[in-house]
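Quick notes on the structure that follows.
Chain naming follows the written order as A, B and C, and within any one chain the residues start at number 1.
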Amino acid sequence: MNNPQLNHRGELQHLLSIEGLPRDILLQILDIAESFCGVTEREVKKVPLLRGKSVFNLFFEPSTRTRTTFEIAAKRLSADVINLNIAASSQTKGESLLDTVANLSAMQADLFIVRHAQSGAPYLIARHVKPHEHVINAGDGRHAHPTKGLLDLYTIRHYKKEFTRLTVAVVGDILHSRVARSLIHGLTTLGAPEVRVIGPQTLIPAQVGALGVRVFHDMRAGLAGCDVVVMLRLQSERMRGALLPSAQEFNKHYGLSSEKLSLAKPDAIVMHPGPINRGVEIDSSVADGPHSVILPQVTFGIAVRMAVMSIIAGN
Amino acid sequence: MNNPQLNHRGELQHLLSIEGLPRDILLQILDIAESFCGVTEREVKKVPLLRGKSVFNLFFEPSTRTRTTFEIAAKRLSADVINLNIAASSQTKGESLLDTVANLSAMQADLFIVRHAQSGAPYLIARHVKPHEHVINAGDGRHAHPTKGLLDLYTIRHYKKEFTRLTVAVVGDILHSRVARSLIHGLTTLGAPEVRVIGPQTLIPAQVGALGVRVFHDMRAGLAGCDVVVMLRLQSERMRGALLPSAQEFNKHYGLSSEKLSLAKPDAIVMHPGPINRGVEIDSSVADGPHSVILPQVTFGIAVRMAVMSIIAGN
Amino acid sequence: MNNPQLNHRGELQHLLSIEGLPRDILLQILDIAESFCGVTEREVKKVPLLRGKSVFNLFFEPSTRTRTTFEIAAKRLSADVINLNIAASSQTKGESLLDTVANLSAMQADLFIVRHAQSGAPYLIARHVKPHEHVINAGDGRHAHPTKGLLDLYTIRHYKKEFTRLTVAVVGDILHSRVARSLIHGLTTLGAPEVRVIGPQTLIPAQVGALGVRVFHDMRAGLAGCDVVVMLRLQSERMRGALLPSAQEFNKHYGLSSEKLSLAKPDAIVMHPGPINRGVEIDSSVADGPHSVILPQVTFGIAVRMAVMSIIAGN
């Protein structure tokens, strides 16, 4: 009832996590994203749905790629975009997160895109902004990255048409992945009957069974008969303390090669959130091969972000 | 007569300092800012007054917050905004300030927003740009920060309607504050009968009496009967060499608590240029309390900057 | 025949180098740039030729000045501009150049402005983008910087009307200059009968004679009778290993003083790509004197970049 993402009429107010979003909201986002895919292929790729709106890219940790996707999506909706790299700014002057946001809000913001190293920061902000202001979580700690999950759902629906007969495998570093969490929730909500997670014991959270997934430590067994294979990035920059032996070792057991992929269904699609580590979690023959939909994911990601922005803040 | 801020018809050409601006120019800015407050509350917060104009945010020292306010104001006027962080740029290649500006000017600039660590830098630039180009000082050393002073004047007029019966206290680090200087000049010009400065001897310039203000070292005495209390940020990053004992000590004597504020008039307003140091120069109970107009100041600041830009460079 | 810059109809597809561009393409760019010079002098300096197009400023090495000229040119054509400083981004996550570009391309890019420390990087990118995407080289290693060469050609034509009777001298650090190379190719293509390079043996590439130029080590002899003098920046930040004795020594032999300039024709023009090192390669009396067209070069540079962008990516 008291869903922080929905307003009192049950409409999307903020996008903080796929967890807790009802099925019809998920489908609304995917449907509207589909209509924007046409826009982004036109010569003039602009629609005026956010004209005169102020979108703040509020990045408390740097991520050029994610910031760029939101910036493009907002500009194609005709918004004014302000990029704020906050690490280098007021935070160093000792100002609190909420004071920073209250200040930007006083500049008549409409939409905050928030990236923060701490889980829950976008929720905190969403609780304190004014009723006409909106928050999109662009990644908070290990918690969620809902637009990435949504673009994965969009991609799966685009290629597989529906969810209720699919077997989907998510492979790799589940433990540190905010994408995995978002995606698993979405797949469950949209009725995917079998979601598998594949990875070494050290990279799969103990409580993952509660999400309704099947756990595989043997990749070949896990891939057998899959319609969709979602590879995760091995975020070596996050892993200090040797949760895994080496990149070569990881590749041998959990890297996606053409040979391992042949165990999935013949028309399986391969996804990856990027940037890819070639030869670590995915071989080039797969990343660049006929099953890969990694680059279409990026294209759909723009449309999905345009959809979310226009639903929550559109004129 | 030879006012570097006015053209030969007595109109505003550059905004460099509140000092030296005639009363009617100050009132013109405040009146036009009032008309923009309506614009910024509309769904489409844009007017075409600077369409096709090139605004350069020329920041020789970083200030994300100030840069953001000018960027938003310019974009709401439909200008093209170019952000230049010059510390990391040509200056390191040994190019002089005037050569840098001459180059940007040759790119057909219309408006330079200048932030520089050295007092007087915006004046130097204003003397060398072409007749159709304009300069706004966004903070030069300890000298001036006129748009901040103007937004303070706007805020005071908004809540108190006029200036000629007001007692205004400016509290804290007067010595390092460019805001204080700008504000005191503006208040004097607009007829405020009593302006007080309150602070320890070490943070009040010796010659401050010449500005026509009353000096108080005892905060309670200084606050008595005030209509407006302007707290200054304790810029600890500027103070090396221990001009004051400690933040706690400062707070005890010159921090604004609810108890001290009760000595001012019952309808007194409390202002602060931000970002606030909670528990140092201002207690949270005051900053977030009913007398505080700190966040409205930010909102008015956008309108004031739109007003200045449109007066000097508008189509 | 297989020119990577032209499409199968012989039209400009990418701008990678002046070398290899046919005469009529060069003239087309200069003619269209001329029409844009009028636009940039209007009150509203915008035309809608790139409305809805996404221009990515892809800078793998920082250059605020060059990035700014492209950003302004793109915004005056009404494009959406995304600035990407890639050094601080995915490259550090180990992603390859082509993967980075493939990703941005998947966001529906129209135009990449590429600056890279390695010669040939823009060619590599141009070979891999989609047919409707375009690449402009904004400086690759020591190789080429074609828009700078084009603005030089534009400037020469503006002041001297044609090329076929001109003597042009290029002076200074030819070895490290991508501007020199581009310009020499352009001058040759457009029929300049005599191009001279002047500099110490250590700063002139051994094979420069193959470009059809005359080499002078004595500056006075080289300047005699010139119509156009192009001074190059002494890029001291590039020179480690003492190719030249000292800045003072360089100035004595190869710096342009009023006295040396008097050996050129009385109506000679003096050019420099900027930023200038006053007192090193050029004296202030010359840089700011009546023969200098250094600042007009900057203005023409915007028009030339608008021309190139609109030719290759315009609606």
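Here is the rule we go by: a contact is a pair of C-beta atoms (placed from the backbone, for glycine too) under 8 Å apart; a residue touches a chain by one contact, two chains touch by 3 or more.
The shown structure was predicted, so the numbers you read here are calculated from the model rather than taken from an experiment.
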{"item": "Third chains touching both chain B and chain A", "value": "C"}
{"item": "Interface residue identity across copies chain B, chain C - same or different by half", "value": "different"}
{"item": "Distance from the mean Cα position of chain C to that of chain B, given in whole angstrom", "value": "41"}
{"item": "Numbers and ranges of chain B residues touching at least 2 other chains", "value": "none"}
{"item": "Residues of chain C touching chain B in the complex", "value": "40-46, 62, 64-65, 68-69, 71-72, 75-76, 237, 274-278, 295-299, 301-302"}
{"item": "Contact footprint of chain A on chain C as seen in their complex", "value": "51-54, 80, 82, 84-86, 88-90, 93-96, 99-100, 102-108, 315"}
